Amino acid sequence: MKKPEEILEYLNQKFGEDQLTLERGDIGEPWILVPASMIRDLSKFLRDDSELRFDMLMCLSGLHYLKEEELGVVYHLHSTKLDHYVTLKVRVPVEEPEVPSVESIWKTADWHEREAWDMVGVVFDKHPNLKRILLPDDWIGHPLRKDYVQQEFYQGIPTGE
Amino acid sequence: MGMLDKKYHDSNIIIVGLESALNWARKNSLWYEQFGLACCAIEMMATAASRYDFDRFGIIPRSSPRQADVMIVAGTVTMKMASRIERLYEQMSEPRYVISMGSCSNCGGPYWEHGYHVLKGVDKVIPVDVYVPGCPPRPEALLEGFLKLQEKITGETIIFKKNEADKKPETA
Amino acid sequence: MVEILDNIDQREMVINMGPQHPSTHGVLRLELVLDGEIIKKVTPNIGYLHRCFEKYAEQMDDYSKVIPYTDRMDYVSAINQEHGYVLAMERLLEIDVPERVEYIRVIMAELQRIASHLLGIGAFGLDLGAFTPFLYCFTEREKILDIFERTTGARLLYNYMAVGGLMKDVHPEFKTDTADFLKTFRPKIKELNDLLSYNDIFIKRTANIGVLPKQVAINYGASGPVLRGSGVQWDLRKNDPYSIYEKFDFEIPVGMGEMGTLGDCWDRYIVRVREMEQSLRIIEQALDGLPEEGDVTEAVPKRIRPKNGSIYTRSESPRGELGYYIESNNSASPYRVKARAPSFVHLGMLPAISKGSLIADLVAIVGSIDIVLGEVDR
Amino acid sequence: MLNTVKEGWTTFKSIFTGMGVTMRHLFGPSVTLQYPDEKMELPKGARAKLYVNIDDCIGCNLCARACPVNCIDIETVAATSDVDLGKTSTGNPKRFWLTRFNIDMAKCMYCDLCVYPCPTDCIYMVPEYEYSEFDRSGLVYHFSNLKPEMVAEVKEKAEKEAAEKKRQKEEMMRKKAEEKKRKELEKQKLEANKSIKEDDSSSKPENNDS
Amino acid sequence: MIEGFINNLPMITILVHAAIPLTIILVYALVAIWGERKIAGFIQDRLGPMRVGGWHGWAQSIADLLKLIQKEDILPKDASRFLFRFAPFMMFAASYAAFAVIPFSSSYIGSNINIGVFYLLAVTSVLTLSVIMAGWASNNKWSLLGGMRSAAQMVSYEVPTIATVLTVIVVSGSLNLMTVTEMQSGNDILGFLPNWFIFQNPFLIVAFIIFFISILAESHRVPFDLPESESELVAGYQTEYSGMRWAMFMLAEYADMLLLSLLGAVLFFGGWNSPFGEFMGGPAWGFFWFMLKGLLLVFVMMWIRWTLPRYRVDQLMHICWSILIPLSFINLVLVALWEVIFN
């Protein structure tokens, strides 16, 4: 039963000191900030390492930070064997929202990533079929962006009042 | 009040007899299409279940639109679903009615303000006969909606064919 | 002989088990690539009921206004959706809730679990052609809805829980009504077993079909009856206890592969039936322990303005692990609310489970993973 | 050969138990509530339809703000001082004319959030669910009981009152501005002579600061 | 009296002989549809049609029929016109024609030909044809699947039906249904039992069970109602039909159900013979008893429909080919042996 701090130290030994930082909001639980390029091999390590064995990706959510002009992806991992939790967060600038996909590691990420692409517009490269999952394919814009403007007509049907 | 002294302005007794019989038949065997969208579909199923029992009114579910008379739009109509609803409505054979059940299909309901993907009222794509308010409406409210539809059917005449004009979907 | 086969046009038949289909439990479109009746490939298309829950949660100018919208996600088990959201908010704001509220919440959550399973089992029987068990299950479900209606005023979507407590206290005869519901409901489960569970045709239609091995289930993030059907002893009420579940003793029913291989449709079905019995036990113990006095609205904060931070909380909804990820940025309206819906994950598994099965089996598999489209599309 | 017979026997046995259950139900009583003839009496507080007792409403707009769907639309006009609107049954004084109080029941989601904040409990749910309509505009309920000409007269009086009050405020503003100017002048004079006094007092040691 | 009437006005007699079974079928269909919904209602603790036309909604089927007449008759765009229109009528014609050889009472039978059973089984096999025609003609993938399934089901379940009917013919020795019924009059088995075939020979009870299962499959009743199974194939081969055309399908289905139940009554339960020997034995009573036995079998079919789930296609084939057919042939041999030994 490892606490997030211990998990961070364990990861720092493996991945070098400066890469990962543990951040904590005023309230709620802490998360580990991970640079985008590292997320896939970090996840592979998290799943396969005997000490950690994070075999379940509970939830993957996409966010849009308007003030810092960034897109965030939050991974909540849980190990059913050793029963400990960790939260990873990846922040990428809005201009090139490239995050490597973890679909090959946890199968459940396939649909979660498609939803993050559909809602917030984070591009997951090497994802098998990154298409819109909830909205129709010819929808314009990503609705969960803070600066999203709703399109007036969709195939001739008024979306407004 | 006997049959003969029914005062209808320009239609004679013979038509009235046939017309009321046809209306009676159409009124008493409204088969609804077996498909539901959201929470109102659960209340529709509860109405079809033993306690409120649609079958007492001669209302049974039909899974193919060809054999259905009433389409109960039970739930939220989204943009992706709007064209499907329109196609299903066109597939139904002619004397067909639509009951819009629940706030979502009446006018977008709880999702009218920020729901970008929600259609603000199903009457934007298909003509609606009866609006049943509620979120979700009680089974009795749905039954009352059917009684109102039956009232409307008894009022229909075959002389002035139910002209499609007044039932055209009023685009907002 | 071989070359003759080449020029025969072997196009498979692509069928749309479209948004309007009697057995897709709502608006779900399954694109089936068929070879005769054997399914080569299933691609579920969802989004026909996407009601912008997450966008709405961000537009609301008060955290407690989001609760009616959480009801509308999984509209078959509304209380459990509210319970998940309210637990997340209380952990975020570090509010501790009076004892009486916790007990009432557990009783309501377990009653709602029985009602939701009744609908899941009834719809599953309906998909396989057994029309009558569906109506018997609904008759029992109506009794639970009556109890809810007397307390909250609504039949299906309650908006009954508030952050830190409840909207109003329970109905005076709440305890007596629930007690005699428990008495009348137990024989009904046995009757359901006679009629459907151990019916040989039902067993033939569900055993060895849609087998979900243990490792695939975990890798796909399955949870709830779908995961327990594959033999994994995993229930959030026991393994990661929230609220006051550790006070009650109940077992976690797990699929044993009695009728076929472990993890088939029948296991997932029988896990739900046995889970209802366990819920009855929890309600009995909770009814005895329900403290009489205590105002349910004392711990409800007037204004909710959490400082910035984020929290992820999971609770056991009848369909599986329901998670809420809430991020707050020091204002009255939530910055981001992400709901992790179990049905969304289970539907993602459908292509993997149903390769090579027949159409009739696909209907059984969709029925056995018991999805609700409001939760899939959010 | 033997297990097919056994299998056949278990099939028949389970089929017959199932048919036994349905036969018992065939002669069992029906649980149907025959809706139009027998109506179930809804429990108190059943959320079927919103009702506003307009005499008790003080136009505080709390319910409109609490509604997540914004389906309550209230327009209030300040009552002029010469008219006394009296008190509500709960003793709160009424200071606004309610020219428009519409609730769009087609949009409402029956979540009961508007009932709690109301100070005079004038908005509550009534257990009456039979109001489906042929036309959607029939679902917008108007609760204000002011007749249109009353509304016009009240509005025009309110404008007159508001204009007059604005004028008074301007005068007061001007008066205050003048006083401020005058005070500043005096202050400057005071400082002028105070600074003079200070020069001659600075030579003495400061002995009065405690 | 009737013979005189027949000889000199052949056209009228043909019409009368055609009209009698038609009225029986139409009246039966209306009552059976209403009855099925009432039985379904009571089994499921609800009431079924109540409000249409007074006491317990007796006019429900009439309202349905009148409404179906008003429905628009949709012909899908590129469905094959003639086959699409003709399928329902052929289906009804097939089961209606078979009523000619059913002995309704001791004094009335459509045509007293001595190959009655053979004719009946030949004509009812046309049903399969019309179902495939409907399935293919409506140019809809669901109905194509429904049509193919029903083809496989009906053809394969003909074999056990014929095998069990053969066992009865072995016992009765004649194909003419009237003589078959006459052989079962009187009741001197074990003193009080009417000597219907089902009591004469224990293996005939097994034959009846197999016969009943296969007529369930023949008339697409649950647990074998694959072709128009709502929950899988939307509405099977009937998906594209609406209005009176669809009503014809319903009528044909109920007529087929009645036909096969009456055949079962004739072969196993002594047709118009009353269970009390001479006590209520006249031709009028004979008709009453005959219809009562038929409707009892129909009731059991409805009772099964509202209890059991549905089989899958391959399980259905497995049951037919690897259980029912071998069993029915073994049974045939055993019945023959029993006959040789005891009579």
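A, B, C, D and E label the chains in the order they appear, each numbered from 1.
Assume a contact is a pair of C-beta atoms (placed from the backbone, for glycine too) under 8 Å apart; a residue touches a chain by one contact, two chains touch by 3 or more.
From a predicted model like this one, the values you see are computed outputs, not experimental measurements.
Common neighbours of chain C and chain D (chains touching each): B, E.
The chains touching chain A as well as chain C are B. The greatest centre-to-centre gap from chain D, using C-alpha centroids, is found for E. Of all chains, the one whose CA centroid is most distant from that of chain A is E. Interface comparison, A-B versus B-E: the higher count of C-beta contacts falls to B-E.
Central chain (C-alpha centroid nearest the global protein C-alpha centroid): C.
Inter-chain centre distance (chain B to chain C, centres taken as mean C-alpha positions): 31 Å. Here the CA centre of chain A is 40 Å from the CA centre of chain D.
One simple way to say how far apart two chains are is to compare their mean CA positions; for chain D and chain E this gives 66 Å.
Spacing of chain C relative to chain E, judged by their CA centroids, is 44 angstrom. Under the contact definition stated at the top, the residues of chain B that touch 2 or more other chains are 34, 49-51, 53, 56, 63, 80, 108, 110, 112-113, 116-117, 135, 138.
Annotation for chain E: residues 40-41, 43-47, 50, 230-231, 234, 306-308 touch two or more other chains. Shown for chain A are the residues in touch with two or more other chains, namely 134-136, 143, 148. The complete set of chain-chain contacts reads A-B, A-C, B-C, B-D, B-E, C-D, C-E, D-E. On the chain A side of its complex with chain B, the touching residues are 134-136, 139, 143, 148, 150-151, 154-155, 157-161.
Per the touch definition, chain E reaches chain D in the complex via residues 39, 41-47, 50, 303-304, 306-308, 323. For chain A in complex with chain C, the residues that touch the partner chain are 24-29, 31, 55-59, 61, 63, 74, 76, 80, 83, 87, 106-108, 110-111, 115, 119, 132-136, 143-144, 146, 148. Chain C contributes residues 60, 64-65, 67-69, 132, 136, 139, 142, 149-150, 153-154, 157, 159, 167-168, 171, 191, 194-196, 198-201, 203 to its touches with chain D in the complex. By the touch criterion stated above, chain E contacts chain C in their complex at residues 40, 43-46, 141-142, 145, 222-223, 225, 229-234, 306-315.
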